[in-house]
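These are the structures, in structure tokens.
The two complexes that follow have chain A in common; it is paired with chain B in the first and with chain C in the second.
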Partner chain A sequence: MKGDMYIARSSDKEILEKAEYGGAVTSLLKFALESGRVDAVLAIKARDGNRYDGVPVLITEPEEVIETAGALHCASPNISRFLKEYLDGASDLKVAVTVKPCDAKAIIELTKRIQINLDNLLLIGLNCTGTLSPTKAKTMIKTEFEADPADVVAEDIEDNKLTIRLKDGTEKEKDLTELEERGYGRRENCRRCETNIPIMADIACGKWGTTDKNKTFIEVCSEKGSDFIKEAIEAGKIKVEQPSSDAIETVRKKDEAAIELARQWQEKDFASLTEMSGDERFNYWSTQFSRCIKCYGCRDACPICYCKDCVLEADRGFVPPGEVPPDTMFPMVRITHVMDSCVNCGQCQDVCPMELPLSRLIFMLNRELAGIFKYEPGMDVSELPPLRTVTDQELSLSSVEVAL
Partner chain B sequence: MDEFEPKIVGFFCNWCSYTGADLAGTSRIKYPPNVRVIRVMCSGRVDERLILKAFALGADGVLVSGCHPGDCHYQKGNLSARRRVTGLKPFLEAIGIGKDRLRLEWISASEGPKVAETVKSFTQTIKGLGPSVFNRRRNEH
Partner chain C sequence: MSIEYVPTICPYCACGCGIYLITKDGKIIGQEPWKEHPVNEGTNCPKGKNAYDFIYSEDRLKMPLVRKNGDLQETSWDEALDLIASKLKEATPEKFGFIASCRNSNEDAYVMQKFTRVVMGTNNVEYCGRLCHSPAAAALIPAMGSGAMHTSQPEIELADCFFLAGVNIQETFPMITRRVLRAKAKGAKVIYTDPRKTATARYLADIHLPLKSGTDAALINAMMKIILDEGLENKEFIASKTAGFDELRDSLSKVDLNEAEKITGVPLEKIKEAAITYAKAERACILYDQGMSQHYVGTDNVRNHANLALLCGHTGKPGSGINSMRGQINGEGSGDMGCLCVFYPGFKRVGEESAKFFEEAWQVSNLPAKPGITYIEMLYNCPYLYVVGADPMMVIPDVNNVKKALEKDSFLVVQDIFPTEISKLAHVVLPAATWVEREATHTWIDRRVQKIDKVIDPPGEAKPDWQIICQLAERMGYQDKFNFTSSGEIFDEMRSCVPQYKGITYERLKNTVGGIHWPCPSEDHPGTPTMFLEKFGTPDGLGHFQAVDYKSPAELPDDEYPYILTTGRSIFHYHTGAMSRRTPKLLDEVPRSFVEVNPEDAIKAGVKDKDVVTLETRRGSIEAEAKVTDEVPPGLLFVPFHFPDSLANVLTISTLDPKAKCAETKVCAVKMEVKQ
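Take a look at the complex of A and B:
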């Protein structure tokens, strides 16, 4: 049932060899296909074996699932948007999807907006303490680790250390905070992220709480996930044991430490925006927005932006056509339209060719709104976006401020 | 230099606040001429875009006024307005426009004097804040 925890290991030798932490995820994905529970698996694969080019792949043959085994840290594919745009929101296809916490949140937000059919999805959550931008990661591996990026066979983030393993078997380790202070390390939004374990998915899989490198710690997060795991155990696809109370405590402690670190980053990043005076802020953002080339990249990447007829298009009367940089209405409307539901996936900032600090601003606003409206985006399908919904209870609230 | 006379855009709901403003007029209550009233069918019609557009086009302040909660002609339109205004304030603050330049008030059709009071006090607030950053920037060029 929901809340169950397992230490799992794949029963498949081939998968065990290729996978990183016991291969439970790969085995579960394969089982989901074999058992007919899903029609396809959507996971991330290194394109042509290139670790810095992780792309979403749709797999329908169980034998091909193994190609997605192993973790890719230097990739941040837009799974939720892929699901919405190219698979029609899983409207008529049952899919098992591997999701980081932000992917799961984005899928849930799109479900609220009736763009994805969550009933057709099996969300296999992957614990995550951050991803790295591929280009920056390569530079970092060259300059900081003094290694050839092409030689890297695995990366790992643990206890605020970034470790890379090279193909000759050597491992190199660096302090993550030091790297990040020099502008390397994880993507900016990942540093600020407080969700390491995707409890909003059907199951959450990770290495925290395991003692050797051949096991996966699984937390069951929904009844759907529970049924699925039980079937997989019965079919002998994974071998499980109960985690000790020490193991569960370790998971909790590591999660707390990561959250604490994220809060520090939030404080630091947000302070850089809030400590300016009002006029300085206006000048700062005017300068930033004046660099916008109106490529619509942020809008097209954002999992919250879903309107088919976007008000920012030239013929809608808000943004005059043919102007670059666009009218200030462009960034203002885009930001205010998504700020209540931002899942801090960082896609907007990733795609921005002018490198505007969009995710930093939007997530900062989101944290403030989350406090005002007692709303956490991406956690619960039944909680509707706070700026697009009202409740009956508010009828008896007479103030001009929302106090929930 | 002349005293700064702010430009305030008021979005008034057709059923309560606009009628309230009418009452203020027919009762000959004086209030500052700084507010430019735009009649909307419901304060719930006023979304972020209208407020932002008003600021971008040179409003020093934006006043949104609707029926008291529970009195909305469309049941809950005013509650939507309340959520939006509340939600927009952190944004206005973050990009340097300032949250105090946006105000929401509940004014019923019978509250003529409240229209005058609200406009008076909001005009004072905006005078205290000075011209909006958009306007100051425009004047510099």
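Take a look at the complex of A and C:
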């Protein structure tokens, strides 16, 4: 049932050899296909074996699932967009999807907006304390770790340390905060992220609470997840044991430490914006948005922006067409349309050619709104976003000031 | 069902940004960011973001067309190619001209120039590089040994001063603007010369010098004189790495700074500020484009910016140098491949020695050893014309005159992906495969060679350009010299005779995200992101000053034609618009042509925003919608050249740079009236 916890390990020799942490996730994905529970698996694969080039793959043959085994830290593909754009929101296809917390949140927000059919999905959550930009990671590995990026066979983030393992077996470790202060390390949004365990998925799988890197800690987060795990155990696909209370305590502590670190980053990042005077802030954002070249990259990458006929399109007449930078209404509309539901996935900032701090701004506003409306995006599919549920009375509140 | 992420490179400008195309059942259904690509790191400009729509445009050419009874009619490849072969057999070498394109792949371009030289026996092969960056070769080969970009794109971030010479990079190279912004965040200063107050002037430049169109050489002479007066020249660099400084100094001694202020219209204080900022920088980077090149003094303009770089020693370091910003996907490559009437492949100058070298390489005899004629000259003088992926009816100045010349042609073949303005005049039109419908390499702005794989099949009976040319060569009796069965075979032959590419292989390109920068002399060589680290590529290894006297534009305003007309681009469109006008999201942004008019001029001329005005020069007239804006100063009008029904190049003047044969599309005299 929901809330159950297991320490799991694959029963499949081949998977155990290739996968990390006991290969439970790979075995579960394979079982989901074999058992007919899903029609396809959507997971991330290193394209041509390249760890810096993780791409979504749609798999229908169980024996191909193993190609997605192992964690990739230097990739941030847009899974929810793949589901929405290329699988018609899983409207008529049952899919098991591997999701980081932000992916799961994005899928839930898109479900609320009737862009994804959650009933057809089995969300296999992956615990996550952050991903890295592939190009920055490669530079960092060269300059900070003094290693050839092509020699890296694994990365790991643990206790605020980033470790890389090279193909000759050597490991190199650096303090994550120090790397991040020098502009390397995790993507900016990941540093601020407080959700390490995707409890909004059907199951959440991670390494915390296990030892020797050969087992996976699984937390069951829904009845769907519970049924699935039980079937997998019965079918002998994974071997499980009950986690000790020490193990459960370890998970809690590691999660808390990561959350604390995220809060520190939020404080620091948001302070850089909120400490400015009104005029400074206005000038700062005017300068930032004056760089916009109207590529629509942020809108298209955003899991919250879903309108098929967007008001910002050139032919809608709302924003004068053909201007660079576009009229102020362009960023304003973008921001106000998504800030109640931002899941801090960072995709908008990843794809901005002018490197505007979009994710920083929108997530900061979201944190303020979350407090005001008591609404946490991406957690519960039955909770509708404030923009949909706001009352006349709330709209007339004059004491609310959001610090744009 | 199979949905694949297929990596490819954007088909538009010369940056070479990576994108993923999403394919499903043999069709492209979307595109996604490719975050690992070193050029763009997952980001794209508006065009890159809408990279593939045009492929599926309804009016793609799918079958060969032959003119019968006045109309172009569908026919078979056999009939079309037989007809072309029989006609071309009539042509004497000097009557034939081949116009290749910056859109061609390296393999296409290599085969086209080989066809022209081996089969037709002439060096009359050109490409649109002639119309934009020919002054780079003319000025920079003597100055430094190569006209290619000195630095690589990522290294641009290392500069602490930028001189954006006539390049509105915010709109024309936004992916390079990123690099400039990163450098600015570390304190770099940006100097920008452009008569227009563009987005680059308003939001990127620290020092904007709004000079009068065509006065670049006078401005740079003034800057250099100031640098010498202040003693800021790099004496050690000049002494150890350059030649010809005395001549430059003598020439600059005649420069009158007050006169320069008058000529350029830029206050002397501002010129001083720019000169001192550039000279005092540790690592200054000149990025330049058509604002400098497209003048009849384009070569002089480039020479003078090279003089400036040499004077201050701002070359030979990553992120520095004088960098010609090639605008198109194969702007560099088609030139490297020898689609220029004065260069065999690898920029081997046309002459007995090069002819002999290639006779041996290709196992042929009697290769032409005399230079051919240039692009625009060919349009007027070659009655047998073969045009691939180019629309001279849109990009050549004084288009009406070009049309008259082409209508007199005995035989015009046009090979393209769409019907174009010039295909309307053709005797034969051949359908070509586009960008991701074949496997090929291109060479981007920073000498970056990347390979594009075939993703989908071409429509109808369209074929890769190189295949069409090889099949034609076969019909003309040269099967054994053109028996390529894949683009890889062409690439291998090419790299055996082009030393810059010798170490680059398909296998290496497949495994190197972001490609390899030439020169790459051997297969274990990593490529060369920065040129001239140790010495210049000139025979003596030195940088050569080439003093320049300012000459005023060929046609200046007078009572009858009171405004200066300048032409250029919008961020949402691309050159002749063949691709971008077939991309709905881009067309929606800028659906039609326009003319930018300063508010003062608008009042004087009684023009209101959105009025349709008639623009007239001594060559012809067009209509365009007025856009009243202070982006242009009083006295200057700006028209983009993307739209065939309001075509800027009907107006422009065909005065050519005597050295580079590039035309003065940036300045002419024009009058404007509200359409009655």
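Following the convention adopted for this analysis, the second predicted complex is superposed on the first by the 389 of 404 C-alpha atoms of A that agree within 3 Å, B and C clash if a C-alpha of one lies under 4 Å from a C-alpha of the other, contacts with A are read in each partner's own complex, and residues count from 1 in each chain.
The definition used in the following text is that a contact is a pair of C-beta atoms (placed from the backbone, for glycine too) under 8 Å apart; a residue touches a chain by one contact, two chains touch by 3 or more.
All figures in this text were calculated on a predicted structure; none of them were measured in a lab.
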Looking at the overlay, does A:Cys295 come into contact with chain B only (first), chain C only (second), both, or neither?
second
Which superposed partner A:Glu20 touches (first chain B, second chain C, both, neither)
neither
Considering only touches as defined above, state whether A:Val55 meets chain B (first), chain C (second), both or neither.
second
Chain A positions touched by chain B in one structure and by chain C in the second:
none
Where on chain A does chain C make contact in their complex?
40, 47, 50, 52-53, 55-58, 60, 75-78, 81-82, 85-87, 133-135, 287, 290-291, 293-297, 300-301, 313-315, 321-322, 324-325, 350-355
Name, in rising order, each residue of chain C that touches chain A in their complex.
1-3, 5, 7, 20, 22, 24, 29-30, 32-38, 40-46, 48-49, 170-171, 174-175, 177-178, 181-182, 199, 202-203, 513, 570-572, 585, 588-591
Considering the complex alone, what residue numbers of chain A touch chain B?
273-274, 276, 278-286, 311, 318, 327-329, 332-333, 335-337, 339-340, 361, 364-365, 368-369, 372-373, 386-387, 389-390, 394-398, 400-402
Mind listing the chain B positions that touch chain A in their complex?
48-49, 52-53, 56, 68-70, 76, 79-80, 82-88, 90-91, 93-98, 103-106, 133, 137
